[in-house]
């Protein structure tokens, strides 16, 4: 992967819903993506914990961009499905997500994302998920009439 | 379930991250919860589709409140894990989510959430997920040192 | 779908591991497959319940053949991934599985399988799963060097 | 964990369906369980690959016994749910499964299982799954009227 492509992905990551949520890119490498979130009141659920949806969104988006590091700029990456487990409530004040492509098929890619709640520099693993992503070439993507 | 409890849940649903996202409650019944979202630019991902994280958050939060309809106000509901499939890109402009408890155990509850993209009154099923939730009595919840 | 194709699938279902397990075909239709198992001692786990693996195998194989009803005989169906929930112990003496294609993409198909424990004619839903299957054309299948 | 307990688990593993399938125990340690399978014709599916159900059964049963290493002999372990991804066809002639408890809650335990196809001493990762297991104390288990 060219450094230019990885630098592009760092910027491309932060747009739309992920920008709205406030995720930041920490580090990027081939097959790997790491992001962080400063937890605010708006990220919490009814008991004061970080909402499962914030964690799922972060884990999903970071996993998608880990896949982007494995393809050229001609490809689009879409989530086919994922499964995520929540181990304990995430309290913050910082959340870190690390994603890694564990099966780098040409079309079907499988990624693991680990999410940590960080307090006083101590990381606690609060969640882990497995994501199945599909890499679509431009023609498949254009022809895509709405199904994978 | 008392009407008072269901009315309370309708209001309780909209706070923190779900309020920030803009989800609205449509309808509530025993074991069932239905919500909607008017799709804005901030809900989209890099290709202009509704972000997988928006859909997952909506499906998760709605499934959790479907569980709340099955317990008294003394219980807390937390997501243990979920799996969600994305069938086709969701374009909006409206998204509707319907959740239903399909296994109503005392402690462990399993919920299905279906998410539809709605355009010109036509609903298209874009996503479906299965959610495992745990109902915690007040003492378990207070004693909970951070693990389920 | 031709009747010949559905009749062929009924026979094709019972071979290899599924034959070894003892699954039988009950009914076949477009997008649908139903199977049964007479529970023997060899199907149980350490507590005397039907083993989770028996249920997963039945749910997976039945879901795969539900997909076969949607393609021509030139295609192969392979499981990309699945998720299954166990609601309560399955005791038998009969197990029934009903699978249904809920997203019939050309390449990616999503299937739900419900598994029932049947005693004295009463069916109890003991398990439900979601399966993501891929339909591979002959050339993709031959070229397949070992990844999806 | 006492050596006696781990030795007991090695024997206890092989009974019912897993014995019928032919799984063997390779190695046991606290939070860890490793098993193997010599692939025979009866383990294959319609294309000659090891059946997804064999792999799921092995990954599930091995994950359950990884959990048994974390409890006393008074507890029972049952699978609440799992998700498994298939990366490439497993051909054998040997299959190895390694399970590890990654979240060791008192009640809810999360385990990862990796399944390898082994040929000429070369291991290929063909499948990975995440399993949510519940540890039930004797009274909960006896009282258990059929739901988790």
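Per-chain numbering from 1; labels A, B, C and D assigned in written order.
The rule is simple: a contact is a pair of C-beta atoms (placed from the backbone, for glycine too) under 8 Å apart; a residue touches a chain by one contact, two chains touch by 3 or more.
Keep in mind the model is a prediction, meaning the values are calculated, not measured.
Asks: Decide which interface, C-D or A-C, involves more C-beta pairs in contact, and give its chain pair.
Replies: C-D
Asks: Most remote chain relative to chain A, going by C-alpha centroids?
Replies: The chain lying farthest from chain A is C.
Asks: Calculate how many whole Å lie between the centre of chain B and the centre of chain C, each centre taken as the average of the chain's C-alpha atoms.
Replies: 29
Asks: Can you check how far apart chain C and chain D are, centre to centre, with Cα atoms defining each centre and the answer in Å?
Replies: For chain C versus chain D, the centre distance works out to 21 Å.
Asks: In whole angstrom, how far does the Cα centroid of chain A sit from the Cα centroid of chain C?
Replies: Inter-chain centre distance comes to 32 Å.
Asks: What residues in chain A touch two or more of the other chains?
Replies: 80-81, 83, 85, 87-88, 103, 105, 110, 130, 132, 147-148
Asks: Which bits of chain A are touching chain D when the two form their complex?
Replies: Residues 83, 85, 87-88, 102-103, 105, 110, 125, 128, 130, 132 of chain A touch chain D in their complex.
Asks: Give every residue of chain D touching chain B within the complex, in rising order.
Replies: For this pair, the touching residues of chain D are 80-81, 83, 103, 105-108, 132, 134, 147-148.
Asks: Please give the residue numbers of chain A that touch chain B in the complex, ascending.
Replies: 12, 15-21, 41-47, 51-54, 56-58, 60-61, 64, 76, 78-89, 124, 144, 146-148
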